[in-house]
Amino acid sequence: MSEVELHRCLEAILMVVDGPVSELVLAQIIEAPTDEISAALLSLTAKYESEQRGFELRQVSGGWRYYSHPEMAPLVEKFVLDGQQAKLTQAALETLAVIAYRQPVSRARVSAIRGVNVEAVMKTLVNRGLVEEAGVEGESGAILYQTTSFFLEKLGLNSIADLPALAPFLPDIDGLDELLSTLTD
Amino acid sequence: MSEVELHRCLEAILMVVDGPVSELVLAQIIEAPTDEISAALLSLTAKYESEQRGFELRQVSGGWRYYSHPEMAPLVEKFVLDGQQAKLTQAALETLAVIAYRQPVSRARVSAIRGVNVEAVMKTLVNRGLVEEAGVEGESGAILYQTTSFFLEKLGLNSIADLPALAPFLPDIDGLDELLSTLTD
Amino acid sequence: MSQKNLSTAQVTPASITDGRVAGFSLHLSNFDGPFDLLLQLISKHKMDITEVALGAVTDEFIAYIKQLENAESGWDLDKTTEFLVVAATLLDLKAAKLLPSGQVDDEADLALLEARDLLFARLLQYRAFKEIASIFTERIDREDKSFARLVALEPHLAQLLPEVLIGVGAQRFAAIANRVLTPKTSPVFSIDHLHQPTVSVAEQASKIVEQLRRTGRMTFRGLTADAENTVVVIARFLALLELYKEGVIRFEQMISLGELQITWVGSAQGEVRVSDEFDVPVQTIDETDNV
């Protein structure tokens, strides 16, 4: 594979994957030798720097990830502080809704219900103090999540019991749980 | 601000967002005229395409965000747990088309246009988040429906105004508009 | 109403022949409602919708309805009516075409023109949306190949975030939960028809025979006064038609839409045969969406 092609593959994967991805995993997915991947990552990083991009590729805790360029920090911080980011996205709201009504619940199960990977959104919700860890699931050892008292406060509720009941046209909880468990297992 | 600098600012901000960002917000943060921002976004998009990047910048559902390049889909799919949602049936697509162009619209009117009962299909579209209720019709009290922002995202549209014009699909015949308006009310 | 014709019907002997031969040898793809069938028939003949060879298409349309009636799945009332409306309009138009052409001077002709224009206007509109639907498919296919960047904020930036806004109230939040938690994979079946027990026409006929033998003469209103629902009313009406065919009753209606009088003219005793052609079990072919 040519370097240009390798760059293209790396860019596509790293742009949409949350969290650092290791060279080994990248090599497996792209089906190229690890040393070629390593070389391509280094040359791509150098290229971004020479092109004065607003972002950069950085190797952090065993993997590669896109970051905004440090020189752009004042601008990005201004954007983050602006309040535009204060509102939850639709994806975050939907994930929060699943956790609120199914807590305590594992990330895998929330993913199965939403039909998408919720890793990034879950991190956001934890970062924003709306969701917290709540022990581990007995058999699987998966981390369970629940909503926080800050979440209740934000929604203007006294307790989880005050959440509006789900509409009656949903299958009853037993049936639904059964259905969902077939999805997650 | 030079175009290179503008590109750098845009790249830095768009790298940290998890939802579409409007040109207006970008203009406020970067402190540049909105039309300059718009032009810079377009030239950046064109640049990525000519450089054969693995990612692209697109305007969807009212804002700009990074996407992996469609040609890289097979590779990215190995990483992303996609919902792999069942494809919409022909009946669902046609119903969605009628709603998109006639919204807000009652179920009865959609039925009249398609010549079949659309009750079940309508439920499916609501369940899948593509269509939502939008109040009731004044006289009849019938529930009205409209498309959602998820529909826009699903179709890669910026807004309902970006739907292709219906006119070219209807033959240019005198009186047809008049006729259709008497039919659908 | 525009008097300009939306269709220029031209029946050529060749297209009739083609239609008849092809109609039963070709398999149409699944269609969804009468407009869909009509469009498929028209496109099969490679005809412009605005220049439809009415005769050929009408014949085939009727042929398909017959075919479907005889098919195992059968038809439900709703579906059949939808198709009959279109078929009746087509037949009207075809009949008009067979008459010597003249000016439009008669009210019936005017009505016919309107019916034709309406039908073709609706068909044109439906075709437009069908074409839009295929654009939607292309767009969705394209979109399914793009994955949005959806990553958590860099940790040092996350600390800067202002206090979060959920942005919706508790009720709206519950509505979102409802939507997300509703299983997306289960098909939605309409079960409305299950609540209605099947009504037997033969059974209704024997009730009517009993009543008419006792009273000799009744109005249709009287005969259906105790009907629990519309289906029973329809069954009794069908039963009356059957009884009329057997020659045991007589209908009288003094004015159009006036009271319908039924008089018993059959024997005072003995069994009256009523065919069971209406009592064939019917499966609904509701438009269920397999998603």
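Order as written gives the chain letters A, B and C; numbering starts at 1 within each chain.
To be clear about the criterion, a residue touches a chain if its C-beta (ideal position, glycine included) is under 8 Å from a C-beta of that chain, and two chains touch if they have at least 3 such contacts.
Just so you know, these numbers come straight off a predicted model, no measurement behind them.
Taking the mean of C-alpha positions as each chain's centre, the chain lying farthest from the centre of chain A is C.
Comparing each chain's Cα centroid with the centroid of every protein Cα atom identifies chain B as the most central. Centre-to-centre separation of chain B and chain C, using mean CA positions: 32 Å. Centres computed as Cα averages put chain A at a distance of 48 Å from chain C. Between chain A and chain B the centroid-to-centroid distance comes to 23 Å (mean Cα coordinates, whole Å).
Counting partner chains per residue, chain A has residues 15-17, 66-68, 76, 80, 85, 91, 114-115, 120-121, 124 touching two or more of them. Those residues of chain C in touch with two or more other chains are numbered 147-154, 157, 180, 182, 184-185.
The touching residues of chain A, when paired with chain B in their complex, are 4, 7-13, 15-17, 21, 29-30, 52-55, 66-69, 72, 75-76, 78-80, 82, 84-85, 89-92, 111, 114-117, 120-121, 124. If you check the complex, the residues on chain C that touch chain B are 1-2, 4, 6, 32-36, 49-50, 78-79, 82, 86, 117-118, 121-122, 124-137, 139-140, 142-154, 157, 179-180, 182, 184-185, 188-190, 286-291. Against chain C, the residues of chain B that register as touching in their complex are 15-18, 55-56, 58, 65-71, 73, 76, 80, 82, 85-86, 88-94, 96-98, 100-101, 113-121, 123-124, 126-129, 153-157, 164, 166, 169-171, 173-176, 178-180, 183.
The touching residues of chain C, when paired with chain A in their complex, are 147-154, 157-158, 160-171, 173-178, 180-186.
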